[in-house]
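What follows is a single structure, and I will ask about it in a moment.
Chain naming follows the written order as A, B, C and D, and within any one chain the residues start at number 1.
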Amino acid sequence: MSVAATGDGSAAPAAELVGVTKRFGPVLANDGIDLAVARGEIHAVVGENGAGKSTLMSVLYGLHRPDAGHVLRDGKRIRLRSPADAIAHGLGMVHQRFRLFPELTVAENVVLGAEPVHRGAVDRAAARRAVEELGERYGLRADPAAQVGTLPVGVRQRVEILRALYRGAEVLILDEPTSVLTPGEATRLFEVLRTVTATGASVLLVTHKLSEVLTAGDRVTVLRQGRVTGRFDTAGTTAAELVQAMIGRTLGSAGPARSTTGPREAAYALEVRDLSLSDRDGVARLSGVSFGVRPGEIVGIAGVAGSGQRELIDAVTGLNVPGPRDSGQVLLGDAPVRRGRDPEVAYVPEDRHGRGTASEMSLAENLLMGDQRRPGSHTGRLGLSRAAVRARARDLVERFSISAASVDVPIGALSGGNAQKAVLARELSRRTPVIVVEEPTQGVDVGAQERIHALLAEARDRGQAVLVQSSELSELRALSDRILVMFEGRVVAEFSGDEATEALLGQAMTGATTGATTGATPEATPEATPGATPVATSGDPA
Amino acid sequence: MNIFEASFLAAVLTATTPVVLAALGGLICQVAGVFNIALEGQLLWGAFTAVVFSHLTGSAWAGVVGAMIVTLVYAAVLSLASVTFRADPIVVAVGTNLLALGLTAFLMRQIFGSGGTYSSPDLAGLPTLAELGLDVPVLGSQSPLVLLAFVLVAVVGWWLRRTRSGLRLRGIGQHQAAAAALGLKVGGYRHGVVLAAGALCGLAGAQLALGNVTLFSEGMSAGRGWVAVVAVMLGGVLPWRVLLACLLFGVAEAVGFRLQGVGLPQQAADSAPYVITLFALILAGVAARRRPKEIS
Amino acid sequence: MTTPAPGTPAPDTTAAPGGEPRDGGPSPGARVLGWARRIVLSTPVLAIGGALVLTTLVMLAVGVDPSLAYPALLRGALADGNLEYTIAAFVPTLGMALAFAIPLRACEFNLGGDGQMAIGGVTAAAIALHLPMVAGVAVVLPLAAAALAGGLVAGLSAPLRTRLGIPAIVTTLLISTPAVAFASYLVRFPLGEQGTGIAQTPPLPDATHLPALAGSSYVTIGLPLIALLTVAWLYADSRTVLGYEIRATGQNRDFARYGGVAVNRLAAVTLAGGGAFAGLVGALIVLGPPYRYVDGALTAPGYTFTAVAAVLLATARPIAVPFAVALLTVLQVGGQGMEREAGVPSQLTQIVQGLIIVIVAVFATVRHLRARRGAGA
Amino acid sequence: ADGSGGSAAPASSDKSIILITPNPVGTNSFLQLGVKGAEAAAKEIGASFKLYESKDPTSIAQNVDAAVRAKPTVIVGISFSFDDVFNTVPKQHPEQQFLQVDSCAKDQAANLACVSFKEHEAAYLAGIEAGLLTKSDKIGVVAAIDSPFVHRWIDPFFAGATSVKAGVTGTPLYVGGNNPFSDPARAKSQTQTLTGRGADIVSAAASGGNQGVFEAVAASGAKAFGVDVNQCASSAGNIIDNVLKHVDVATVAAIKEIAEGKNGGVKVYGLAEGGVGVNALEDDVASSGCTIADSPEVIAKVKQARDDIVAGKITVADPLKG
């Protein structure tokens, strides 16, 4: 099947995948997929976790060789034996987990592999100029001399894009680029992508965020279990249609109902009193934070990255390393939180690879962590009963519908969404009085998002106190009974779930409502402009 | 005791040169993300082959070149096993170290007809710099390889910082998958550095057997390759820091020698370089803890 | 994995023992053949076979008759009463293997076994010489003290690792040489025997000698002791919470910390635990024949390094550690027999060992990679 | 044979000799001499010869046991490292003959013969030479390790020197490190340390490292002493003399006695017995290659001292007994 290009009629698609099939052992990750990307378009690819999106992109970038099918570039069949071939054919890829060299500078990261050389040495001045010029042209500003490891996530992603552009990429593949970005950063990214497509380049965008697809994309291809189940022009489609194609059904109403019956006057299950923390170097990270979460309540935390959320959560879970100028208290009921990790606080961390799982250990062993010292079903007569550990894991796999070949596979072999579900399963099943969740649905498909939200609401309704941190304002609004906004280590605003609009939240996140804007980064302000529509239409090739 | 007297500095230079050369090999592997602990065996192998070639040809320089080539070939075992077959380089290195110990002792009996030490007035040693016309204090009494070692430190430093292949090598060490995704031949680079490290160890062995002394003696590497490994651990991926670590060790050792002369027990002198290095590490660690950290 | 319907437990294929298909298995004969094939093609067998082929070539090249050398090697390790020496070398090597393997499970490299062993040995000697001993328990106290001392020496590396971030692989190595030198100093001077040529302590009192088993002074209670401790470690590693936490720490420190594991304490526990084994080995050597601390005698046989090689050979499978140790010990002790009987220089055994290690490492990875590729299930 | 084993004589007779060393023979000239002696003895009495090299105390015991099983005419163990084993094993095997060279088990059995040496007497004579020849009045010894036994080459050497020249100071340095008996590079730099501080005579007792000592003195214009055998040829013109220990001679004699049925007993070889000495005392000193040949007046003094020691007028203190 060939797909008609919507581009300038005569020309062949910039890139086209024809009948691509890719198997991993028994798994048919891609099953005869056809996909064409027209010149100058942003083409979105959506689908459930494990639908085969990353695999397809890897085929296009020469990382995987397809078992069947081939790739066309500008209508000509090309052979992709390695990423080097892909690069040579003007393909560029930005992976979800960045592939940067942390100890090299921005300029070095950008030019590495295609360095300008002057008299035997890398021409660093030319490299710097190239970064500056590209940054200028596409609005991708990054200090060429900065060490990449010290940069915030959003800037690192810019470096990845710069790198692809520097190599003359005309088809840019981005795998879940926004799942690690703040809303402001995401907005900025789409502005950049529009500038890029305006020059005639194309973008392939893998994402789980349907709103992005509809606002930023031109066309969208939907995958399900390795097959194409829908192709749409974004102009003529709705989220519901996409969801239908993705998961074969429609989603329920707009998220879980907010608690109305919550025991508003009950004692706090989690209380933070006048908490001030500084890091090892004595820099203040939190200043006088106070709030409480009652049983049967979900409290959301919003804020631009680096506003103190991470430190607050580390303090609440007991994980933080005490700094030299700490004061204040974190109370669980009446007792102060236990240092190390308080077993009474369930915690779903943002970084599921680095913190939430040990990727080489089995799913069963991953599901045990945190509970290993509790006398319970996993304990045999003389210690840890493997049978019991596995039985317990199977039970969780079933209850939380985690899809895995067995509980003995390394958790690293699970797809991102399933790994996330495993972490949630582990933490929620512990029935602790307090649950702390960071970025509950990062990198998770819409179907799973819905289930995760439902699970959190369920926990709330059981009377657990839930603290949710998310960079998705819509998610916070859908879930939370109350939303706290953090800025520069303080809680600067509090909204009830009903009154919080994205405009209000966005404004508060810049520190604007309190007047405490002294240190506000200049770039933070425009990013958080409420209701900003990120997509410019100027580059639309139609 | 004047630690700046010429003989002291000369002793430090002599003692450190083989270690520096081997450590440079370890360093470039480290930069590429290969933990190379095969230096000890390769150093021994280099010393042995240097003497064999010098013995066969009557030329010390033939010994040096021969040692570099043969040790490079020997390092191919490590490079094939760990890069091509992706075996654990640490395990393979343990094996090749043992192999070197056995093979040199064994071949020594085959070639020279006896175990122990082989030395002969006919065995050509490396000339001193003074003999080559560079008659300056301290350095004059050293072999040209001493000078070369220090030049190489600078060259490797420049190469890693400034050249295309150096930059790529650093990238490979920091994030292998990323480098591969950029189309770099990661395996090729790794083969390259492991083999180059072999050649450097050959050079180090040649200096030990034909520069420091003019003979071969069973097991004469005597732990110098391990010192080089420690120096790489201390110095990380910066050549000048690795050089510093080697020199620290060499100075501590020379000071220990001298302290023996004033009645310190041999055991204390033996410990001195290790204890001093450990303290240097602890001090550096404490200082790093104090220093405000960059955000990362 | 294509998403199975929610609620359907995934079929547990990898859990079947030996990976045999469950339904309608093959005939018993075919099964035996299958087993035989699997054993013949297993990594250790292939690796040893490969190493033997190469070694035979070396022997032929230098004019040694393999048909004399190999039987001599086996006899040297296993026959003619040599078995007791093999056991005598197996015990300390296995102990040192644990000294390396225990911290390794938490991803800490203990390369300082020599120092820990020397301090353990000298502690045992000092206590045996200078504390009045009640018969019966006289042997227990030096053993316990040696384990404690070895544990303390290794434990020194823990705060350096957790507080200053200096890797244990560096500090254990750096501490080892001074520790050996200190023990050497003690037996040379304060504890040394007068009027003898070597630095050694006087003979230890009879009550502190390790009780011999089976009429051989070389096979002592050290063997059952180390065997018991090995089983205890294997059990603890796979079947206890502590073992689970140690493994998790080794796999991902952040994850373990997040799971409430006191990772810093565990680092100290595993390092000290490893050191305790090294110290114990020191005591076992000193309290066995010739019943004294002879300077250099503990480190000269190279138990520490053989043990490291054995653990690495076992490639992260604890159960394989004793077997790898046994293999290397047989080669080493047998090599001396081969030298005595067939006049084959014992360097040849070093060559064989080196070859085996390299080849096993290669085979193990190739299999591992193939297994990974196959286990897409 | 090359020291790695094998038979030296056709095993035609039923006589056999097994020699066990405490360490690999390798570079150790002392052990090489022992092997040489035992081989010579085997040839003379028509016995087969086998060499068992040990690596550590455990393997010493193993080799002794293996030797006992082989039931040779005599089992020879070299050095004090056999003290412990030869305390017990000969008693358990009364029909087997044993010979210990260079030391004697404390609890000597009737079937154990011992041969030991007074190498300190020879070292004292070398010290006299050094005392007479030093110009800087600074001399030194580079030894492998600091063990009591090694002091037999150090303390009497210095004592000999001060006996002829009161102002001489002697400094011992030890090679140490990871491989003290075979680290010529370290031995060389130890020697350089000594010569750098003014020593003009350095005695080598560094086993495999001796060659390093010789190289260092050659480069700095100092002089050295060799050990055990005549090492003068290995660095012509730089070696004054050697502290000789005729292990081979003594071993041949002791083995022949045992073969003739004279068992047990202790034989001590000192200057009087001609078991130790210096090349200066040998008849062929002129052709020895040793520089002492150029100093007849020193040789005369050495001969006098030898006579005094033999006559008991001078007693050289044995560091091992001190």
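Operating definition for what follows: contacts are C-beta pairs under 8 Å (C-beta built on N, C-alpha and C of every residue); 3 or more make two chains touch, one makes a residue touch a chain.
Here the structure is a predicted model, which means the values were calculated and not measured.
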| item | value |
| --- | --- |
| Partner chains that chain A and chain B have in common | C |
| Distance between the centres, which are taken as Cα means, of chain C and chain B, whole angstrom | 29 |
| Between chain B and chain D, centroid-to-centroid distance (C-alpha), Å | 35 |
| Whole-Å separation of chain centres (CA-atom averages), chain C against chain D | 38 |
| Inter-centroid spacing, chain C versus chain A (mean Cα positions, whole Å) | 45 |
| Chain D, residues touching no fewer than two other chains | 4, 146 |
| Multi-partner residues of chain A (each touching 2 or more other chains) | none |
| Touching two or more other chains - residue numbers and ranges from chain C | 188, 345 |
| Listing of all chain pairs that touch each other, if any do | A-B, A-C, B-C, B-D, C-D |
| Complex contact set, residues of chain B against chain A | 162-164, 167-168, 170-171, 174-175, 177-184, 289, 292-296 |
| Parts of chain D lying in touch with chain B, wherever the complex brings them together | 2-4, 24-28, 32, 145-146, 171-174, 176-179, 182-186, 188-190, 192-197, 208-209, 211-212, 215, 219, 234, 236 |
| Interface residues, chain A side, partner chain B - complex | 61, 63, 82-88, 93, 95, 98-104, 108, 112-113, 115, 117, 120-122, 124, 147, 149-150, 163, 280-283 |
| Touching residues on chain C, where the partner in the complex is chain B | 62, 160, 163-167, 169-171, 173-178, 181-182, 184-185, 188-189, 305, 308-309, 312-313, 315, 345, 347-351, 353-358, 360-362, 364-366, 369 |
| Chain C-facing residues of chain D, complex | 4-7, 50, 52-53, 55-59, 61-63, 65-66, 69, 79-81, 83-85, 103, 146-149, 320-321 |
